[in-house]
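Once you scroll down, you'll see the structures, which are given as structure tokens.
One chain, subunit A, appears in both complexes that follow, with subunit B as partner in the first and subunit C in the second.
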Partner chain A sequence: MKRKLLPVLMLCMIVFALSACSGGIPAGQTGGKPAKLVIAARGGSHVDAINSVKEDFEKENNCTVEVLGLEAADLKQKISLDSQNKVGAYDLAMADDPWMPELFEAGIFANLTELGYKADSDFVEESLAIGMHPYGKGDIYALPFAGNVQLFFYNQKIFEDNKFEVPDSWEDVLEIAKKVNGKDGKVGYVIRGQQGNPIVSDYLPILWAYGGNVFDENWNVIVDSPEAKEALNLYIELLENGANYEKNDIVAAVSDGKAAMSLGWPSWYISGETATAAYAPIPGKVSDSSKLYATGMIGNWMMGVTANSANKELAMKFLIYVTSADCQKKAAEYGGVPTRVSVFTDEGLNKKYPYFMTILEGTRNSVIRPRTPLWTDIETAYGAELSSAISGTKSIDQALADAKTAIEAIMKK
Partner chain B sequence: MKKSTGIRKKAFPYLMTMPTVIILVLLTIFPLIFNMYFSFTDYYYLSPKNINFINTDNYSNIFKDVYFQQALFNTVKFTVLAVIAETIFGLVLAMFINSIKNYSRSMRTLTLLPTLLPPVTVALIWQIMFSNNYGIINKILSTINIKEINWLMDVRTAFYAILVIDIWQYTPLAFLLIYASLQTVPKVQYEAATIDGATSWQQFIYVTIPNIINGLIMVVLLRTIDTFRLFDKVNILTKGGPANSTATVTQYIYQYGVKGLKVGYGSAAAIIMTLFILIISSLYVNKSLKSGR
Partner chain C sequence: MCRLNIRKVLRGLLVVVLLVWTVFPIYWMVSLSIRDDAELITSLSLFPKSFTDKHFIRLFRQNSFSIAISNSLRVTLISLFFSLIFGLSCSYVLARTRYKYKLRGPMLFWILLVRIIPPIAFALPLYIMMNRLGLMHTKIPVILAHILVNIPFIIWFMMGFFSGLPEEIEESAEIDGASDLQLFIRIVLPLVLPGITAVGILSFMTSWNEYIYGVIFVQSPSQFTIPLSLSTLNSEQELAQWGRIAAGGIISLVPVALFVVFAQNFLIQGLSSGAVKE
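Up next, the complex of A and B:
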């Protein structure tokens, strides 16, 4: 009897364990309890920023706001997978700006314009445009939650000791790199040459300064243009007078004075009121006499209401609240970067966070990455070829020609 | 009465194994069939209503893709080097620890520690050790006047840096399996060999190796299957670069399939990888079946 009882008990345990794996209560079906909003957010300071302001909203609207902090690749995958559920697990989701065309095409975000939202002119125009589909002119699907634009970072002490002026052309950058590199073990210019998104993000501002681009206005691939070859040549010269590090090493090198210069995102060097390196807009021209181009790569984090949210109205109310000027002012103390002109230009905040005006200026002169849902694949292929060029396994001409072939094949799909 | 008892007795084992079979079907057989089916389609996860049957286009595109070819070459090269190194080092470690009388238990425990760590933790620890700015390896090199090496960003060193990490982490596993085999070698054979005047080397070749050959083959098979699926270290440390020199088949599947939610393309690449591993492991399975008869 006992022998038969044990296997039966084990069988019951397995059945109970499997039944416990069923899903929880979908969002919105709270059975009379306060409503709950779930936000899929990029981990780090963005979560701190949301948590710093959500309490008042929760009290006023008798709801709870749960914020899930996720790593970037994980965030994109989770919101994409959840979008196929009838009722989403997330009511709001953050998204990086290059993802937006792909997410628009997949219908992941709800149309805020159709839900009654009117465009707010206090948002920086370039940031608000990212959340529109088509870009810059269509309905609004997402609002800019965190401002971000690439800047030029340099070590103040190296510049002061050598009486360098902040360069406004890439030839000046190269000249400074040559003067610094190798002296007392210092590195001139640090590139972020890791294959994929890092090298593409690091190289594109230089390409734009030469007047080049990935596509022309008719979506022809022009990564192998004469301007692109010159830009890549300069990039390799910068490497020859510097080093190729991954992100943490770049920040440590420039902050500690081991390296003189690099490009980077504000959050790398700036936390609250302190910055570990000096910063300036990215040089927009090749030489003093050449044409000036916009070169700062914009990289805003957007937030939208998911199309399958069971709490769309409440979620939109929270979205408007969390991107309001008051909330952005409060969130700045927790690492939040604003996206509203009134917040950027606030006198009190500017005294505390002097980088705000640099980011505003950078955003107004920023360049957005190509608005194609295939950008992830393009970046992978482009990054591989750029990596080949800087590693010396392919010549500049060959690498860019192969990049063009690969990108054209992707665009044909 | 006797008939029903007989039927119950015959049915009982099937009833008891049914939960396992159900789980096996749900978690292994069904996903395999799912993958095989969608590998012949252009299924994009975010467009589930627009799935088209495209015959073997995914397979031919994969084999024609230069990035896949390079990933396959890297994977085979990595597997061969890692398996040889881990087996040899594992054998040397096992022989050494088997030969010591004192503290062998402590040595066994310490030796196994790297294998107990999660692969992601190992990758992050080594990333810090390889760091240009605060990495201990470059600091040691600088004390002997060797210029810092950009271990993970230099096309000449990135592949071998990841190889070293893998050898460090999984040699203890090889050691464990070989050490277990060494315990089954009859001591009388060593005594007989000694009486016959065999040297240590001759004893190793003619007594030790023949007795532990199955263990060695098991190590080679398991490590071949595991290293062929290398992903964590590459994805964390190099993303397949520089210049695709560390790209592996699994990393290719992730980069060009899973990450972009291209279920069809990713499934085809996964099936190709599964077939490679099946071919490799079938050699061992056939040998085991023959020796079992």
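Up next, the complex of A and C:
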């Protein structure tokens, strides 16, 4: 019995192995079948949004559209790897806006202007500018697929119970945090102080409100300016009157009424018609009497045709289709945030998703992170120093001086 | 008498602590998978206050989890099959001094090096090779990568078992007329069955949970494995889908648990197989 079983088992494994060798048709090689477009996308609601609208396009153009949803860091790694190929595996790729300078430099996206694309004035100007190279004035390489801008989130019940007004300056935020923190076990203000992207995204709006920045107009590093020191001091004071949580805990705490305030991205709190926290634009000034600055960090997700796509024309057609007003309206039901003014201001959608107007307002007053291909490295180095300052390992002066040295070293590369 | 009781109580306490330490994460995963979304985004209590099966349903309906399970099973079983064939044979030859050849030491070190070097270091060269061979749209790159990871482990793990076998048994079999292959399959392998079982379980788990090569080589959602499928449910940009992640974790535990239970029989059989002459 055992003697017979072994060859049968081996035969099964070989058949099993051979079946694993078969695969799909690579992008660009249709083999006489309808054309196939492959999209490298960020997993989650974006994939759901694309899948919800792709069927009509497939029927109209006799093609199939496959969406490969990946975690953000994996997506970046994958599109970078695929760009090494003569004919890419992906026809379209999504990218987070801080990656754009790096991806432009690597030649990953095809020039849409050269392919005949004309700028559509219905896109929010600040969003469309992200896909241009050089930023805001060059040719278009990518279109804004999903809108996103950092907002100020607060727990409405805590505000109503204490008769607080939505703060429009950071001094007001600190004052509220002081009043709330520790009362009935509540937390005043929650920071997202983890190294790298979280702390940098969380701190920059405060730095901008003080009139500070990472670079001046000549790309000199100014992270240790007097404004930056004041901003970091306020950030630490906010932490002293609150807590340091990671994203999921921040959302739980503010939604649940355990914490009063935080900064965040709309997609964390708002999905569909039920918002779990109240929201407002991020305060743009330090005190009532100080100058007002734009402080909302823009974080759009872009989509472009890959430079090594074998189906550039069809891919561009899909890109125009998937970013159209009709598709954005449909995608809103799957958690999609639009990038077109006509969709943001659509009366029917506004009744359903009242936060759309706040996002539009935030986007129009948004700030873009520095347009350098080295931003990912800078964010890592800057985030490590900011983290040292809030944990008390380094003084504010020391941490910011070290951040400056580290960023300058990166920029010299 | 009193000292004996204290010792028993302490031992009991230690067992309880260890049990809670190891079982609690599984309980927590089960507990998260059955709570509804509203409860999951609030402060969680130890025991669920709500019950829902929608995370499991959504996982299969929206995330095509059945495809991921099928892919994971295929990749794991095929890579395990070939890893064991090549790994066991190599290990036996390297362990037995009667097979004389030069460079045994450097070869062993070279094999170990494959295990020591971080997997990501192999990723780019493998990606370029697989791409040039036109294999990127199949499961072959992932399977080969898993074989690459498992073979050195199997070789090093099994060398101790093979070296520990008395050579006299093999000599007796040779005198009885057994060929090298017969000797290996009929005499040697049954004697090291506990080792094969242990290394099989560990290699199965390595392959089942492997993520890096999966994310680099998989080019289509129809080829997603379980770790890849679950990773898309937790990104920095969106709220983590804890319910679905936990449900996926529970489901992915089942094949591993079944394999371990099935393989354990061989572990026991193997231990006793050499004891009595049939």
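Descriptive notes on the structure:
In this section, the second predicted complex is superposed on the first by the 387 of 413 C-alpha atoms of A that agree within 3 Å, B and C clash if a C-alpha of one lies under 4 Å from a C-alpha of the other, contacts with A are read in each partner's own complex, and residues count from 1 in each chain.
The rule we apply is simple: a contact is a pair of C-beta atoms (placed from the backbone, for glycine too) under 8 Å apart; a residue touches a chain by one contact, two chains touch by 3 or more.
Every value quoted in this text rests on a predicted model; they were computed, and no experiment measured them.
By the document's definition of touching, both partners, subunit B and subunit C, reach A:Leu81. Residue contacts after overlaying the shared chain place A:Lys247 against subunit C, while subunit B stays out of touching range.
Of the two partner chains placed by superposition, subunit B and subunit C are both touched by A:Lys258. Overlap of the subunit B and subunit C interfaces on subunit A comprises residues 77, 81, 84, 248, 252, 256, 258.
The touching residues of subunit C, counted against subunit A in their complex, run 41-43, 62, 74-75, 77-78, 81-82, 124, 127-128, 131, 136-140, 143, 215-216, 219-223, 228, 231-240, 242. Note for the complex: subunit A touches subunit B at residues 7, 11, 14-15, 73, 77, 80-81, 83-84, 102, 105-106, 108, 193-196, 243-246, 248-249, 252-253, 256, 258, 376-377, 380-381, 383-384, 387-388, 390-394. On the subunit A side of its complex with subunit C, the touching residues are 13, 16-17, 19-26, 38, 42-45, 47-48, 66-72, 74, 77-78, 81, 84-85, 89, 96, 148, 197-198, 247-248, 251-252, 255-256, 258, 265, 267-268, 271, 276, 299, 301.
Across the interface of their complex, subunit A is touched by residues 16, 19, 45-48, 67, 127, 131-134, 150, 152-155, 238-245, 255-256, 259-261 of subunit B.
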